[in-house]
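Both complexes shown next keep chain A, but they swap its partner, so chain B is in the first and chain C is in the second.
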Partner chain A sequence: MSSAPHKKALLKVIILGDSGVGKTSLMNQFVDQRFSNQHKVTIGADFIMKDMLVDGRLVTMQIWDTAGQERFQSLGVAFYRGADCCVLAYDVTNSTSFKNLDPWRDEFLIQASPRDPEHFPFVLLGNKVDLAQDRAVSRKKAEAWCQTKTKMPYFEVSAKEAVNIDLAFQTIARAALARESQDTQDFPDFPAQVLLDCGNAKSSSFCSCQ
Partner chain B sequence: MSNSNRPPPAEESSDEESRTPIRRRRHIDLTPTNSNPVTGLIRGGSVRDPARLNHLSPGPIVHESKSATFKEGLIEGLDGTIQEVAPLLRTVSLRVRQQVQSTLSDPLKRKTDRIGSEIREGKRKMDALSAKLTLPKFMKDSKRSLATNDDAPSSSDDESMDGEALDQIERENIVDMYEKLRREKKWLAMLKQMDEHKPAKKLQERVWKGVPLKLKIRVWPRLLNIDRLRRDCRDIPDKDGKGIYDQLKARAKLVSRDVKQIDLDINRTFRNNEIFRDRYCVKQKSLLNVLVAYSMYNTEVGYCQGMSQIAGLFLMYLDEEEAFWCMHALMVSQKHTMHGFFVPGFPKLARFEQHYIKLVKKYKSKVSKHLDKLDIPYIYMTKWWFGCFLDRVPYALALRIWDVFLWEGDAVLLAMGLNIMKMHEKRILKCGFEQFMELVQDGLATNFGYSNDVVMESLHAILDKLRSDKLDRPPPPAEGSLPEVPTKAYGPILAKTLDQIKCEVAEVRSRSSRANSMVASRTASMISPEAAAERQKLKKITVATGRTPRPARRNNGAARLQSESSLQRDSRPPAPESFNATFSNGAPPTEEVPFKIPSRGSMKGSPYEQQQFPEAPKRGPVRPMGLSGKEQMRAYSSGKMPPAQPPSSTSSSLRMRPGNNDSLKSTDTSSRKSTYDNVHTDRQPSSPQRTITVRDDRSGKLVYISRGGDDDSPPGQMDDILNYGPEPPSVTHLANHVTYVKIGEDGEANEWTTKM
Partner chain C sequence: MPSISAPNTPHRRKSQRHTSKLVTSCNDVSDEMDEELDPLRVARWRALGDKRKAIARFLNKHRKEGLHGYIDELRHFAVSPGGLIDDDFRAEIWPILAANLVVEDEDEAELYASTMSLSTSESDFESAVSELPTEDDDRNTPVSSQVETDLASLQEHREWRQVELDVNRTLARFPPDISEDHRVTLQDDLTPLIVEILAANPRFNYYQGFHDVLLTLLLVLGKEKALEVGKKLSTGGSFRNYLLKSLESSVLKELQLMYVILERCDAEIEQVMRGVNLGSLFALSWPLTWFSHSLQNYHQIVRCFDLFLASHPIAPIYLSAAVVLYRRSSVLSVEREMPFLHGCLNHMPHELPIDELIGDANYLMKFMPPLTLKGRYLENYLKLVDAADSKRPRGTKLPSRAMKRIVVSVLLIGIVAAKSQMDKVTKIAMEVLEQSRYPGTIRQCRCNEEEVCGKEAIGQALSCTPGCYYAFDKVASNPRALHGCIQQKTGVLQDFLQCVIKESGSCTNNAAQPQVSHYDFRRVLQNGVARLQASRADILSSSTLKSIRNFANAVMDFGLCVESCAAQENAAGTCFDRKGCNPVFEEKKARKGLKRCMKRINWKVHVGQLCDCAMAAGVSELNRFCPILRLMSTH
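After this line comes the complex of A and B, so read on.
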């Protein structure tokens, strides 16, 4: 590509979803190309990085794998900020995990408080499609849900059998890249609820005027 | 040893099998597993990097200790060319070895020595093993040649001292065994002394040296003083000889709503350990028992991820009942109070993080500055505190830390965190963001780089230093923060007999099925099929659980967040998920479960969803067992919750609702939040003002409420079905200082969001 001299992009991606939907496995499959049934419970959050080529450009994916139990959600504040893309994962054999996507998404937007939340890139992954016989959420249903969320991209994947993983993460990287290049100052420096923020925004705009 | 002799496919598979998945190791050059470590070393140049050396070790060890089948593979892959290459390799590896030796720091030297001896040990074992096999003659021949080839590159000493070294190792092993026995004897004598209530002066010193594996079963419960705890909790066997644990276990399996989460996590706890490996094996069953029982005992904590590995660790050495009490001791004892870590809102976590940051700043200011510069989020420490370094340092070292942790208390957590920063200071200062995270998450767990004794010595020194500086414990929790100790009575479920519980479960089940059929017949004719289905679901929830389903918006993520600032907490453990009564098909497959896990139906429809547990005193000291049986029964009958709704009334549940504000507000277990019951506004919420003020009766705080931005979505399609009627606003404090207030206005549910 002609855009070779670009500096290496660092993309921060958060993966969210109910406990047991396979977030850690998805990540392991993406990063190490392997599936293990011996991974550990994720406590707090784990971090992985992977370099990949997106449209001829080298990007580094900084992925945060989170704990699925709800009470850990409150810790998100510590590392959601600055995310370029949020991956929502559910288990196609577990309709509750699908039902909970809305809350995960809303909660992410609250805690990360990105500017322009309407257009923040999310990608939905329906994991465990290898268990077709236990399927509880139809593709149609998931796609319909995505349509209501500003056409969120949707992939049916299997971490166990490495179905669609690369494709999905390519899309994730692309979405994150678009977001990142579009607006690097995506996140305010302070949480929105801190009053100082308004003052800050003003003063900074003042400075830029000068 | 050189890996180059190995046929590549065999090497691949040995790596696959021998490791639990290790996260990516791209940036720190830890990838000699795929390449030849010898050449890797030559290329890499800097041999000081411990990580590089660490990763030299697993390969050869694995290689040596492989079984006969692997060896056969080797033999097959052997041919003349290797013999030709061997002398060359020998020279190369010799040089490398010398170079490495000359540049190693002391702990690393020890390490390489140890590895060398391990390799020799493995080789001896393999030889013994293959001697047992009767190989065909040609294979024996090639084995011999393999042996010479294998030996050759390993080391120069090996050639001259092979026999001598083996002899030495054997002697050392024998001495070790005697030493171990001697220590065990000392411990036994000391334990006997303690049984006779004589003071054991050497206990502390010996705990620091490590509790012998065999004796953990006796020592750990004692370190946690669980005998006394059980007395305090009035753990007296009932007429069937069952103590609190057994009674809890039987009941909890019927009604604990954490079963699903626990089951998920059991499958991910110590699976690399043989005793936990098989699904639904004996130890996994024990783990379920302990965790489920505990979730119903300490209902404020319930089950939190991270507890499974603690219970798992205890179960490696103790029986179920002891593991249960040890767990409880860790949660509530003054030294440990892990309750504060695991309880929703994690009040102790933040306090520890802050204090730890302060300590690093004070004692390791360079590291502190570096980490600040890298902008490392504090989240990496969570697993340190929640699991006391399990999975974050090698298991053998974690065990040593646990010995001390049980005895000394949570100051050990801080000291060990600081110890890591101290011992790995140089390495950390060279780390970037990614390398640091890698180091903390996997690097140290794979190889700590120092022997356990050295680490423990250093840890001891740091702990002493912290104590003398009076910094070993963080400042006490701030006024008004979430309580870090239990505030409610333990095991409220014990007040009911098993038969009662079974009866109630059965009753609720039949009630819900009857109600379903009635609702279906009544509604189907009146409205569109879609709406009918929706309504049916709603009523099903209402009737089955006695809970009021909430408009869709209220089931949002914000509402599911744990409150950080509320004082009044739901007495029950958090619900596994919301609305799952409508999704029975989401239940995990239960047919292969050899023990009884209540089905979704029985869990959801359990009477414990309808009734609140008796209210224990909100504040004040921890109550050992809380109320006596009778008192608890009284508390049950005088509980605030209305009795279960009459079975026949599908419509009565709807009729009752407007007047039944309690159930509207406080029965909401579908979201893990706490709700302030007695909130009244300073104004009537009648006109659509942008800001209103609400006073919270309990904390006396004024809450300013302004119309939120992201709540413009319609109240939800369910509102036209359920007329909520006027109700006082309910206030929910969420993490992140966001407060949600729900206000009923002329039957229309409006939501307000506020930022405090």
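After this line comes the complex of A and C, so read on.
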């Protein structure tokens, strides 16, 4: 009982992307199955929790929505730590939001500095595919980008029309769960300087040195 | 739920203990007002009726002679229970309050700056000065004289798109009694209104939430007066700092004072919040938008604006503390984890006794005046936090300074190159240039001249570095190899420079060399050193660097050392002096050129390689960072 291999997992997911790409709407569509144009701009950060089944296992998703404006970017990093999956979102009708995916990913990697960063799960969502006539980034281009990023999974979604949302979040949850169960020491709670003091420790496990 | 009417009263301090099970979300968000309060409400309505008559009488009596002479009376109306009551009164009184904003006095600002730097700084370099120079510079920056009012030019403004995007998401903020048509008109007016205010000062950086403030003004005052009041608030009020400085060094610093108030009023709740490293992000929008973003009721919002227009600039911080104190029982019933506490406080209950809370805020402000709060109280609070921190066990000892240097050198190259920092860096560089201008002009350099001078500068910098990274000797098992890592990149650096010269349009190949501004590059170097010192705190406060704050400090040392060395080498005159020409610098072009060239030389790859090379030179500690940098360079 105490070892409880199937205790309910808490999966922390962060959604990042430019202002206006629809991060809040994606989250709301997934959690409440509805789209509203009444939601306000996100200032700071907010999260929603939702229970879901992943391959027969009950998990709780804690999804963090952060402000997209660059000025707020640095403030949200307090919430990056401990993430099990990072969702990058862009707007298929806005090519700048696609170009900015690299900086968002970099920022996450630097700030969260996950161990084994090559295998940290990212998922890319291209939102607003309902606006097909305004499309500015092709699926091919997005897929090519994902290929260069250790084959990041990619979904074309619409928060407004509820296209592919469940499928995408199933994948996100699965990736997060795999990450979470594989390593509980992902984001050891250290200030950066402690890590660097591990001077002569030969072991890569930096928490063992004194 | 009673409001606190006097902090520290026994009644409040002993209020409900929470022994029951903790929950993950707080329960007061859908609270109904207590029915028992009804007779009280009736009495309040009656009192408000009397106040309404009193304000009307007052305005009728003094309107003709001009209301500016009666600012104390108007402030009193605004701050006392019920506030200004009617939007008609507000439309008349807000512009007068805005023209006579309560200002923070100079002593206060100075004291605050010195307290902050003495107690929070981990660096030997931060000083009171570090908080002030931007402030002083701004005061001297003349507000753009040309008035950009035509729509087309406003649409060119760099923030137009972002503002428009945010204005589109204000639907939820309109009171229900506004017709669809009227709402659309207001939204159409809002974007140009905001951008016109931003355009008044080229150094204003729009932040999301500023649009909430202007929407409130627009709803109450209409277009013209909203513009007038908005301009006053952005140049003289609390929003000025938010528009000019980083959010870390403006609003988050203010919000720390909320903790100071909480600690003095209710140590238990402050401890719970600090214990989970809650921070202040849950309250971020409160001062940033004067509560207009998080409050759900229009009347509550305008009531807050009454208060803030008539009070000290940090009044929103007192109200923030009052809100947290009022919600104490909800907060204490939430599970003690950062996300849950954040989630609880981040959502404002629908029903809030706003008048009582404003009363509380006023009480707190009298009880702990801003001057004392920012001075002695803050100092004591920081000591207390420090003491608590030092009691916590530390896993390992601090790293050697030398170690910090190398890591930061590598990381910072990567980080500084990130887009946001780049804008900051070019901005500072342009300001330094402007300060070092000679009167008169000089001919523009030819591109080959500029290349020669550029190479000379790189050579100088390289010859200076050995004297500056003395510290590396102690950290790398093979320091010579480490030195080699950096020298290996000299070629890349030179390519980069050539690219920048070409892309930024700083030189000319035109036979007729135009006359351009004349700079004293020796002063540029000297001023650069001074400026770097001064903006140290601001740069380091960016949270990208916060997690490696100690390291970042060390890299600054390194940079300063190289720069002062270069300044000495050029004491007799720079290459440009000898050639008798100057390059041209234009901020936008320079920034664009820098970005383009960084992309072209594929800087991320080089940073990654530098990291790997340093690791191979025996800096084994980098083995966690290099993979991240390597990953960033995959394209």
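For this structure, a couple of remarks:
Note that the second predicted complex is superposed on the first by the 186 of 210 C-alpha atoms of A that agree within 3 Å, B and C clash if a C-alpha of one lies under 4 Å from a C-alpha of the other, contacts with A are read in each partner's own complex, and residues count from 1 in each chain.
Basically, contacts are C-beta pairs under 8 Å (C-beta built on N, C-alpha and C of every residue); 3 or more make two chains touch, one makes a residue touch a chain.
Note that the structure is a prediction, hence the values are computed from the model and not measured.
Contact with chain B, but none with chain C, is seen for A:V31 once the two complexes are overlaid on the shared chain.
In the superposition on chain A, contact of A:P153 is made with neither chain B nor chain C. In the superposed model, A:R115 lies in contact with chain C only, and not with chain B.
Once chain A of one complex is fitted onto chain A of the other, the partner contacts of A:D106 extend to both chain B and chain C. Touch criterion met: A:D134 reaches chain B, while chain C stays clear of it. Once the two complexes are laid over each other on the shared chain, residue contacts for A:G20 go to chain B and to chain C alike. Shared contact residues of chain A with chain B and chain C: 19-20, 37-47, 49, 62, 67, 69-75, 77-78, 103, 105-107, 109-111, 117, 191-193. For chain A in complex with chain B, the touching residues are 18-20, 28, 31-32, 34, 36-51, 62, 67-75, 77-79, 94-97, 99-100, 102-111, 117, 134, 136, 191-193.
Residues 16, 20-21, 23-24, 26-27, 261, 264-265, 267-269, 271-272, 304-306, 308-309, 344-346, 349, 377-383, 386-387, 391, 433-434, 437, 441, 555-562, 564, 574, 577-580, 583, 585-586, 588-589, 672, 710, 734-738, 755-756 of chain B are the ones that touch chain A when the two sit in their complex. Partner chain A is touched in their complex by these residues of chain C: 24, 162, 165-166, 169-173, 205-209, 211, 246-248, 252, 279, 281-282, 284-285, 288-289, 293, 339, 342-343, 346, 394-399, 403-404, 407, 411, 414-415, 418-420, 542-544, 547-548, 550-551, 604, 620-621, 623-625, 627-628, 631-632, 634-635.
Touching chain C in their complex are the following residues of chain A: 19-20, 37-47, 49, 62, 67, 69-75, 77-78, 103, 105-107, 109-111, 113, 115-118, 148-150, 190-200, 204, 206-207, 209-210.
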